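Two complexes follow with subunit A in common, the first pairing it with subunit B and the second with subunit C.
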Partner chain A sequence: MTANLTKAEFDVYRYDPTKDAKPRYQRYTLELAPHTPVLSALLQIRAEVDPSLSLRYSCRHAICGSCAMQINSKSRLACQTQIGPEMAKHGRIVIEPMRNQPVIRDLVVDQSPFWRQYDRIEPHLKLDPAHPMPVGQPTSMSPEEVERFKETPRCIACGACYSACPAVESDPEFPGPMALAKLYRFVVDPRDHAHQDRLLRIQPGGLWLCLRCHLCTESCPKDVRPSERIRDLKELAITAQGATEHGSRHAVGFKDNLPDAGVLNEMKLVRQTYGLVGTLGQLGQGIRIYRKKPEILRKPHPIQGVEEVRKIYRALDREEGKE
Partner chain B sequence: MRKHEVVVVGAGLAGQRAALAAIEAGREVAIVTKLHPLRSHSGAAQGGINAAVGADDSVDTHIYDTVKGSDYLGDQDAIEFFCKSAGPTVIEMEHFGTIFSRGADGSLARRAFGGAGFPRTIYAADRTGLALLQGLWERLGSERFTMYEEWELAKLVVRDGRVQGLIALDRRRGEFEGIAARSIVVATGPSGRVYGRTTNAHSCAGDGVSVAYEAGAFLKDMEFVQFHPTALLESSILITEGARGEGGILKNAAGERFMSKYAPHALELASRDVVSRSIVTEVREGRGFSGPYGGYVHLELMHLGKEKVESRLQEICDYSRLFAGIDPVTQPIPVYPAQHYMMGGVGTDIHGATNIAGLFAAGEAACVSVHGANRLGGNSLLDTLVFGKEAGIAAAEFAAKASTPELTAADVTEATAPYRAWSSRTDGEDPSALRKEMQQTMDRYAGIYRTESDLAEGLKRIRAVKKRFERVRVVDQSKVFNLNLTDAIETGEMIELAEVILVGAYARTESRGAHFRVDYPKRDDARWMKHTLAQMGPEGPTLSYSPVAFTRWEAKERVY
Partner chain C sequence: MRIAYYPGCVAQESGKELDMATRYVARAFGIELVEFPSFSCCGSGFIDEANEALNIAINARNLAIAEKAGLDILTICSTCQGMLTLANLRMQDPSMRARVDGALKPLGIEYRGTVKVKHLLRVLTEDVGLAAVKAKVRRPLAGMKVGAFYGCHLLRPGDEMAWEDGEEPHAFEDLLAAIGATPVDYRGRVMCCGFPIQFVKPETASRVGGRQILDAKAHGADAMATPCPLCHISLDAYQNKASKAVQAPLDMPIFHLPQLVGLAIGASPEDMGLARHLVPTQPALAKVSAPAR
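And now, the complex of A and B:
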């Protein structure tokens, strides 16, 4: 905690729809201690240099979720990101609004797409009239049951994961990491009586659109690890309801077809995912791939280490008690 | 003009609970809030919520601890109601979906907290506020109501002896609009940003308290300002009392566990006013540490072990590592007191009613009073829920019998005339500079140890800032999300509150709870066992006093 100052250069995204035809970047240079949070720097700019800079902020310690933004192209909380390491790594600090949501002004985005997805998962306990809450006392819940929530209660709904998510970018109907992590929180809640219904309803156009890139987990300021909870949801869905969706059949097919040759039989995977009739629907795409990669039609020869692959599968099966 | 039956301003725990109660009472409800509900400062509460739920604890002990903690300024009838409501309130929140920490037997886990004779603080790790906020928003979110999100309260319209509605700024469009309401609940939370060194969020600008004061409401006991003993050095980020509840200890630079001198029995878990004064005394008398961010002492958790610290104080670990660069598992945390809570607020009865018909208040914005001169840790979350609900019920009852008032375009024009003047100036005072000067003045002259001369000097300075504010200038001319304008509005509101705090503190020539006068170091029950009421007058606040309600507990000297 020394007060040695260092020069910090900020290139801040500016856009006011009432007067700017298009966004621009404004340079601000400050002398700051290296441990200064980006948020403090932006507030200093507001107070001393330019009061017209607009952003959302409140608690300044990563609990209100207001100040998520793109800092050197990563979705971060401004209050939780120190300027020293950013300057050391990038030589300047580029500040932009969150992605996947329209900009209102400067660093303020319209989060309604994010909140719509939050509402979509019906984020409230659903009770069964046959199992009412105990009268005059709390529900009993063991510490082990609390453990099942994992880190999801830490979520502060900042939207950093939503901003980082390429699946949201390619398909705005994808619920996004936060909403799915929130769904997980209800699916493991012993007080909730709609677990199966929730899993059933999130699968079409939802759960299986995740690209498994883990950028949400990387960007989460509270270590909620949304991609791992999405994985958990997939596992719960397949275990309880079987592989009913293209997404889940693809996952199961992938797993089932690998031990045959130790490499993927892609033709078989298409059949496993879409079924025979559905595969015909993929013909156009198939021809495009065949032109670039004609070997796709050949059944792959077992690789040299295929027995090792099968051994791994048997070990995993044993671990899950399937043998 | 927009019209609603019940309008709740603020969407933290108190506002949400009020809205839910009014909806359940069958009223049509709107919420006006400058933050998304999940961004409310309620979510920053860490340690827990008090309720005597165990067979081994008793409601009477909770009442007694709260009365004693308040230094006998809390109204005992209100405190009895408050503590009796605690169990049902926590159970209700659990049923709404709140995820609490649990004991091995499946019950709600409890920890020790300051000023309490029993470990009765129910918690969710060290993010109890966030857990409650999530649980309540999940419950309320499934109801039907109108949401004015990111709308900032600017004025309450009072006419013909009752509230008529409010004027608020839609931050996104930059338009001020009138919203007529049969009844209004002010639940805008803290005003901690009157001070510079505060644990409070930047948004805690006392909006509703100040606007109610301007509309003619009494502010009660505003001189009682709680300073939390353990705020992180430099940033003043809160380090929960739960850290001491879990066994954390305080040490000075000589390595002495100095609380044994000041509170030989309760030690670190004496009430907050006592611990804060002890830390400041240690530093002032040269026994603290010193550094570029001022004097401080150490809060040690190392002896608790990595497992306990990282599981029960997970957020504290993050804050210490991120914002102070130290690891509490292996290193002491540098701490110093900072403003944390306003015991005072808009004066109400148990049902949230103010002196203005149709206007109700709840949560930290209100003062019932159950906290008196010093609030106990774990009682503020409880306050938001118990009295939020009461205010919601009372506002619904009022609305059921009242007619819908009318607001006119002239109401909006009149209320917003000053803002237009601010924006049209080509020269004038910068709101940020005025805010900073106000905060520095309050830190210096209205802190933990107060004297007549300091308070007089502080008042002189605040009045100079107030004078300069008459020429405030808003530079940003944009309609959209104009923070320069909202900063100016909030700064003007906070200057009023700063003045009320100073005037009340200057007048109260005794020491009680968090109000400590070096020149009057003893509590003076004969002259000062009474609530301060401040009402806005032409020359600043005018003070009057009201009696404290006693039921079963006689005032005694407070020893921890």
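And now, the complex of A and C:
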């Protein structure tokens, strides 16, 4: 039964901030079947080679969400990632702790930034005090209402998306994909009474910092597709509350810019987003760019058939009547 | 091959050098670019945030224009690629299709869903093929270490873009190797340039872009190359801000993908519009050690 074993080389991140000046990578070489999960390999290392290796895990079945880590630079559950394809692609398997959170030891991180952002969205139902849920009786939801949750109830809060997110990496104010996917889940819940308040409160320093890079959707072990739900939240926020932030003003400004010529008028968009005073603040950078690329000031020629674009707007744009 | 050319807004205005380089490369490889002055903007992901159905509809109109001519679409921008591909996909959903058709049919426009949307990177690596690219190289970029920078929407969501791996692509590196350059492996190559939030929170946007340039630099890149003019704006035109945000000098020349291909097959820096860049490209060109052949 030892046929088909493959040599697997692991370079595992080791760091004890209380003792080590800096992190190091330790090489472990094992003979394993290609379908072996990375988690099993790490547990074998701990059991047979090096009992000092620290990691978090529990269920081994992609249910508990404890063993998220960076595997060859991708955010993954160790229990759900097989060694064969990783060895085939990279010739070795680099194991690192999740990103965007401080390391406690080796592969164990302090997840409090992640949970703080989860708390921020107040992840519990807020009921209408005038219509409390009947005690002792089930409440029912129609299939259509359940459908609106999309994939969000599948989230196991493993943090893989938080670790993958470049917005979190560069701005700790950003709530991160998991918190926003959870927020979406409450914003479409028919039992929740605080939809508008939730949308209002998540916009400053929150929703509009998403970069739409889709790395969260790529790394999610449960296909929750947070980036797509963040898009939905943006449209819900704009629909209900209009353009209240730089982000929503830019999205709405871009939309309203297009019927002019069918292509973008870059200068007009800057004014739409920043207003006149804000635009003056962009002047220095604008002049730098203008020297090399004078087209930035040019008003674009309308495309052929721009009238068709305007008619599509009349059919589908909610705000068309306001212009 | 004949293909409908969808240059996108930026390449027709502030990113004109990308359009120049694309035309040069297309001519050299016998790609006939069919132009449609009726193509509109793709919405750049921003209209999608404000109104999904509207975004799908304006892109379905673009797709229908190419379909009527019996052509697939060539894009030169990761975001255009993403938005047109998304429209193709979302039109398969019956309720979205009904809404969009409701807006398009009264205009006599119908999109049947037959158009493939392909970025230049894909056309060069798959349709033209790496061997044919290699055969045309007259001045290999040997000695120049280049960090490919993909741009998010060319790759992700990976299951929807359905081309390369969403996190571990290799087409761009393959192309760079074919023109004699040395591709640099770095994590930032599949990360975000920061562009989408340049208008929301410029400091954060610049930090995101600056990180990727620093990463490429730390891995020895002499230059970076991108298949997306929006990434180019972030990494080149706003590199001064990125440098401030990460508190480090960057001085990283940023090429558009077809500029490097053009230079390798014999184009001059003038042909490729290199003087239009904000960060000088000369230091990277000076690394090229191989003689022209």
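Operating definition for what follows: the second predicted complex is superposed on the first by the 281 of 323 C-alpha atoms of A that agree within 3 Å, B and C clash if a C-alpha of one lies under 4 Å from a C-alpha of the other, contacts with A are read in each partner's own complex, and residues count from 1 in each chain.
The working rule: a residue touches a chain if its C-beta (ideal position, glycine included) is under 8 Å from a C-beta of that chain, and two chains touch if they have at least 3 such contacts.
What you are looking at is a predicted structure, and each value in this text was computed from that prediction instead of being measured.
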Partner chain(s) touched by A:Pro129 [first = subunit B, second = subunit C, both, neither]: neither
Which of subunit B and subunit C A:Gly91 touches, first, second, both or neither: neither
Partner chain(s) touched by A:Ala315 [first = subunit B, second = subunit C, both, neither]: second
First, second, both or neither for A:Ser140, with subunit B first and subunit C second: first
First (subunit B), second (subunit C), both or neither touched by A:Ser54: first
First, second, both or neither for A:Ile156, with subunit B first and subunit C second: first
Contacts of A:Asp189 with subunit B and subunit C, given as first, second, both or neither: first
Subunit A contact footprint on subunit C (complex, rising order): 9, 12-16, 37-41, 43-54, 57-58, 61, 99-100, 102-104, 106-107, 109, 152-153, 156-158, 166-168, 187, 190-192, 194, 196-197, 199-201, 204, 207-208, 211, 237-238, 240-241, 275-278
Contact footprint of subunit C on subunit A as seen in their complex: 72-74, 89, 166-167, 169-171, 174, 208-215, 217-219, 225, 227-228, 231, 234-235, 238, 245-248, 250-252, 254-255, 258, 262-264, 266, 273-274, 285, 288-289, 292-293, 295-296, 298, 300, 303-306, 308-309, 311-313, 315-318
Of all residues in subunit B, those that touch subunit A in their complex: 35-36, 38-41, 43-44, 53, 88, 90-91, 94-97, 99-108, 124-125, 127, 130-131, 134, 138-139, 141-142, 172, 201-203, 233-235, 237-238, 291-293, 314-315, 318-319, 322-325, 334, 430-433, 436, 475-476, 478-484, 487
Partner subunit B, residues of subunit A touching it in the complex: 1-3, 16-19, 35, 37, 43, 46-48, 51-55, 57-66, 80, 104-106, 108, 111, 115, 119, 122-125, 133, 136-143, 145-146, 149, 153-154, 156-157, 185, 189, 191
